[in-house]
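Can you keep this structure in mind? I'll have questions shortly.
Just so it is clear, A, B, C, D, E and F label the chains in written order, and each chain counts residues from 1 on its own.
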Amino acid sequence: MTTLGVVHRNITRADRGATDQMARYGSATVHEAMGRVGLMKPYMRPIYPGAQVSGTAVTVLLHPGDNWMMHVAAEQIQPGDIVVAAVTAECTDGYFGDLLATSFMARGARALVIDAGVRDVKTLQEMGFPVWSRAISSKGTIKATLGSVNIPVVCAGVLVNPGDAIVADDDGVTVVPADWARKTADAAAAREANEGEKRAKLASGVLGLDMYNMREPLAKAGLKYID
Amino acid sequence: MTTLGVVHRNITRADRGATDQMARYGSATVHEAMGRVGLMKPYMRPIYPGAQVSGTAVTVLLHPGDNWMMHVAAEQIQPGDIVVAAVTAECTDGYFGDLLATSFMARGARALVIDAGVRDVKTLQEMGFPVWSRAISSKGTIKATLGSVNIPVVCAGVLVNPGDAIVADDDGVTVVPADWARKTADAAAAREANEGEKRAKLASGVLGLDMYNMREPLAKAGLKYID
Amino acid sequence: MTTLGVVHRNITRADRGATDQMARYGSATVHEAMGRVGLMKPYMRPIYPGAQVSGTAVTVLLHPGDNWMMHVAAEQIQPGDIVVAAVTAECTDGYFGDLLATSFMARGARALVIDAGVRDVKTLQEMGFPVWSRAISSKGTIKATLGSVNIPVVCAGVLVNPGDAIVADDDGVTVVPADWARKTADAAAAREANEGEKRAKLASGVLGLDMYNMREPLAKAGLKYID
Amino acid sequence: MTTLGVVHRNITRADRGATDQMARYGSATVHEAMGRVGLMKPYMRPIYPGAQVSGTAVTVLLHPGDNWMMHVAAEQIQPGDIVVAAVTAECTDGYFGDLLATSFMARGARALVIDAGVRDVKTLQEMGFPVWSRAISSKGTIKATLGSVNIPVVCAGVLVNPGDAIVADDDGVTVVPADWARKTADAAAAREANEGEKRAKLASGVLGLDMYNMREPLAKAGLKYID
Amino acid sequence: MTTLGVVHRNITRADRGATDQMARYGSATVHEAMGRVGLMKPYMRPIYPGAQVSGTAVTVLLHPGDNWMMHVAAEQIQPGDIVVAAVTAECTDGYFGDLLATSFMARGARALVIDAGVRDVKTLQEMGFPVWSRAISSKGTIKATLGSVNIPVVCAGVLVNPGDAIVADDDGVTVVPADWARKTADAAAAREANEGEKRAKLASGVLGLDMYNMREPLAKAGLKYID
Amino acid sequence: MTTLGVVHRNITRADRGATDQMARYGSATVHEAMGRVGLMKPYMRPIYPGAQVSGTAVTVLLHPGDNWMMHVAAEQIQPGDIVVAAVTAECTDGYFGDLLATSFMARGARALVIDAGVRDVKTLQEMGFPVWSRAISSKGTIKATLGSVNIPVVCAGVLVNPGDAIVADDDGVTVVPADWARKTADAAAAREANEGEKRAKLASGVLGLDMYNMREPLAKAGLKYID
């Protein structure tokens, strides 16, 4: 009856083109394009600034203080994947360091998103392997308990199914259900398209109040100016 | 009876010279110069390191998840202002991104201090627009509820009146009441003046115990040395 | 009966060679080498990235909002020491800034580890004086209450005796009891020794599953693969 | 493409008998019976002690500071249901008070589980309507934004599908997928069955070490006794 | 220039009748009556359940770990007052116990609201002296530093002026500016007046959807029902 | 070199009479009597109100999510002991429930103090077995990793040696080193002795300002009264 102790080898990954394209829009634009859903909680932070990636999720469910399944997950990685790791209870231990990162990179992983801690962060930055995590910690883990790979997991407050598209940058991590990937990429592209024009107007001193025609609805809502 | 739905267009800004001068002393020295008050809580952090600014406050009171009033605030910005945003309940949503920053910069704003979240932080750093916030989050906001602009607000534990001087750097954010600005700038300058001499002495190996004549009061208080 | 108001001038420092050697292994490897103990809680973070140091502990016990004993501690510093500061109750005030850092550096201190806040963090980075702390805060402190120097303290969840070896880097802070220093350095060196080989194998695509012979124990534990 | 603005009127509820039966085992035993999964995070606490309930989930997804959909959810309640409310971002506002509780009770709801705040908690206790929440707060909400009812939601770290069985008591909240309800109830009953005998043995002074035959595996693992 | 070291003996207290009347409406109704403002953060919790009080504020500003000014505040208490204590930095120490409570009660104080910790909570409950605080802690404080009495303070995120009306119950703490007290009491009374009728309707099974005429605006906003 | 995997069977317990006597003074008075040290962090809370106990410490060091050593600890309990449990990393799992409590009570334990979570809290209250913990959680634990029993541990920020006296009540938990027990009990008794007289004076309206002769030192420190 349990979901523990299982590895799904065949998963349906989100459309590759759509997934890859979303990296350039970033987590905020993609989240907006989906209708303001799909965001992990803001305690998920990059271990170093500047990385902006997208990829398809290989999921892994871990127990507190036990990273055994990370090695099992490594074998399921295909180029273009991002590993998304959840834990059955809150934990900040360092589940992942430079050795596992070397293995993940060799398999073609683009990043790790983990609702726990990682370590060797200086080396990970030198290697250029980005991680989003809830903590940084030297605390070691054991290898004693089974979890699962490629089952649905809840990571930092969001349901992630294996194969979903993940978009991560300095603003956070957005999860796009696999069968929404194409539509979401298109919607994000459309949002992005007219940002340049808006930015130019605002830079020239035009106010959002006028550009978005907010003055009338604000007045209707009762806004009063006092001199 | 409520304070919501109001925009004050005329506010009295702190003395410009005093306000501008305080940037170079930093938030800690200015806080000490006021008698150890006026500091926002330490959860307010810069979104990128190294910025050190001062300016006069344009305040805005927001509701959770609603950034409508940020556009209203933009119109009230004058060159040299810093926007200080409070929310009526705790919220980490991303109220502010690169488009609003473009507008704020066009109006002459020097920074944003917000007791909530912001997004597009990589772009904000590239634009050189500093923000102090409690969170970074891609979470989008709506535009449905009235707040107010240029009323007194409590931001990160400190009362901020419109026009107050704000000093922010990597150590935090200090608020100086507008009519204290000149005296505070002078007191901070005085503190700063003799720091160089102290630093030289300490660098040469003189102990604070001797430089500050602490040995006698420590002995009086009962300090015992054990060999 | 109290432990407050006491300064121990003679402490037994951990073996210098072993202590110095541990910097290059880092906090995670040393923690593993001791049997996965000795780590401070992960809320202890470096105020700037990249520093990696080791040294012998001079300990100081402080009261909330009072940094008087930091000056007393300064006199007890010898070259190669790291000051480890604990507080009798949770506090985020800024106990330490560039002046104290100048004094500590003049005495030969390599770093500060403090379960409270610090300030002047930009200057501290420019000076190259690393600090691990629970907070950054401009909040000033007073000089009114006695604490102690070089007594056993609990800092961020770990017992630190004066003279213990401290290893700190971007991953956290590890405490090595003084009389374990040599054995721990050796054990850490041994761990490090075969990391290069492992890394090369993993980089070539060998899986941890095979390199560590995990397939059989995983199967025994009941892991099931589903196609 | 969004999941917002939708109400599913027909949901498949977990087996009534199995669901009702689980109340007497409690959240911990049911969680164990499922293989140690399904628990909401421990920040979810009852607003008053002593309630122990089970029921079928009517789910609702809310926006921060907006409780409009709670009224929409009320209409979907059937006797024996427990309303499970999630929010798209972290929020502690008081979404629910005695009026909504009156309406929920009239519809036959047994409890509310909400990843946000509630108010009127003294009256709710007098009414005997139990709530598990992350906060208690007087903060009022608005009615401006659409969420959804009876879609899958993530509440306090756990995926809840409409119709799932919910078990809540002073220890926390466990979610049982609807089609696991019967098997889980049986497994929980089996666990419960031999607890009485164990308790009697332990009360008589028999040690768990002996009752569970732990001495040999402990010795094998290397445990050493020192006199 | 500082606000520290000052005691204001003459303060203007909110209208007594209006202040006393507000206790029966509670913190949530009064907060709504003011237009959804004035609430302290929800981390402020009663040390025992069931108390519901209102009174006029005597304010006190304290330093971390120092409760000297509580004794100064005691002298300024008049019957019907509630002491509101703020601290210049976050602190959880136990500033207040049964002796101070005895003194406060002798002076006619109705409660304490403190953004820090208290102790002797069992005795305080037996004495019937209610406290709202951010923490419970045995940690003792010293008497070394001046704060102030009856100056404006920020307590748990809200500005409190001496004389303001305070309403506190199990849901939280609401602050009513002194000159709003009468109007707020009236508005709260009006809200309360029609609650009984609403409750009766909801208890009879009428839905909020119909009672508040929400079906049309929900449909306009785009809500869709799916069978 | 590790401290894991060890059980010390012979420990020196604090003086029984002194230890037992301290229960009636409570955690705050005993903490003051020691010179304001020895307090666990205030996140340690009783699982039900009203218990006030003292006893001698049997210590246990656990790994995250693993309660195996609790059974080992049970055998080391003697009548009058309090079990003090620490974990090598932050964890809120439910390590302890009614079965272990039955065993602990059969061995004569008076309470459990644990820097982690517990469950079955309603039953524990019915059994009258008090627990102080950082969390309540249904999360189950495994039995796979060795910790130790009766070694020095750091629990909630305080060093606890086996045999130390523990005093716990609604205000928190205080640890008294075993060889301080008699002196501390005497000092606490002395503090308690003159509390009755003080309370009577304060109840009669005498101010602490006068009873403690604070007016002069306050004036000297610069306190100003303003009418």
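Criterion: a residue touches a chain if its C-beta (ideal position, glycine included) is under 8 Å from a C-beta of that chain, and two chains touch if they have at least 3 such contacts.
Keep in mind it's a predicted model, so treat the numbers as computed, not measured.
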Between A-C and B-E, which chain pair is linked by the larger number of C-beta contacts?
A-C
Candidate from D-F, C-F or B-E with the same interface as E-F, over half of contact pairs in common
D-F
Separation of chain A from chain D, taking each centre as the mean of its C-alpha atoms, in whole Å:
28
At what distance in angstrom does the C-alpha mean of chain F lie from that of chain A?
42
Centre to centre, by mean C-alpha position, how many angstrom separate chain B and chain F?
41
On chain B, where are the residues touching two or more other chains?
36, 39, 42, 88-90, 92, 137, 139, 145
Which pairs of chains touch each other in this structure?
A-B, A-C, A-D, A-F, B-C, B-D, B-E, C-E, C-F, D-E, D-F, E-F
Where on chain B is chain E touching in the complex?
1-4, 34-37, 39, 41-42, 88-90, 152, 154, 157-159, 180, 183-184, 187
Chain B partner contacts - residues on chain A that touch it in the complex
26-28, 31-32, 36, 39, 42, 45, 49-50, 52, 169-172, 174, 195, 198-199, 202-205, 207-209, 212, 214, 218, 221-227
Enumerate the contact residues on chain A facing chain C in the complex.
5-10, 48, 68, 71-72, 74-75, 92, 94, 97-100, 102-103, 105-107, 117, 119-122, 135-140, 143, 145-146
Chain F to chain A touching residues, read off their complex
63-66, 88-93, 137, 139, 142, 144-145
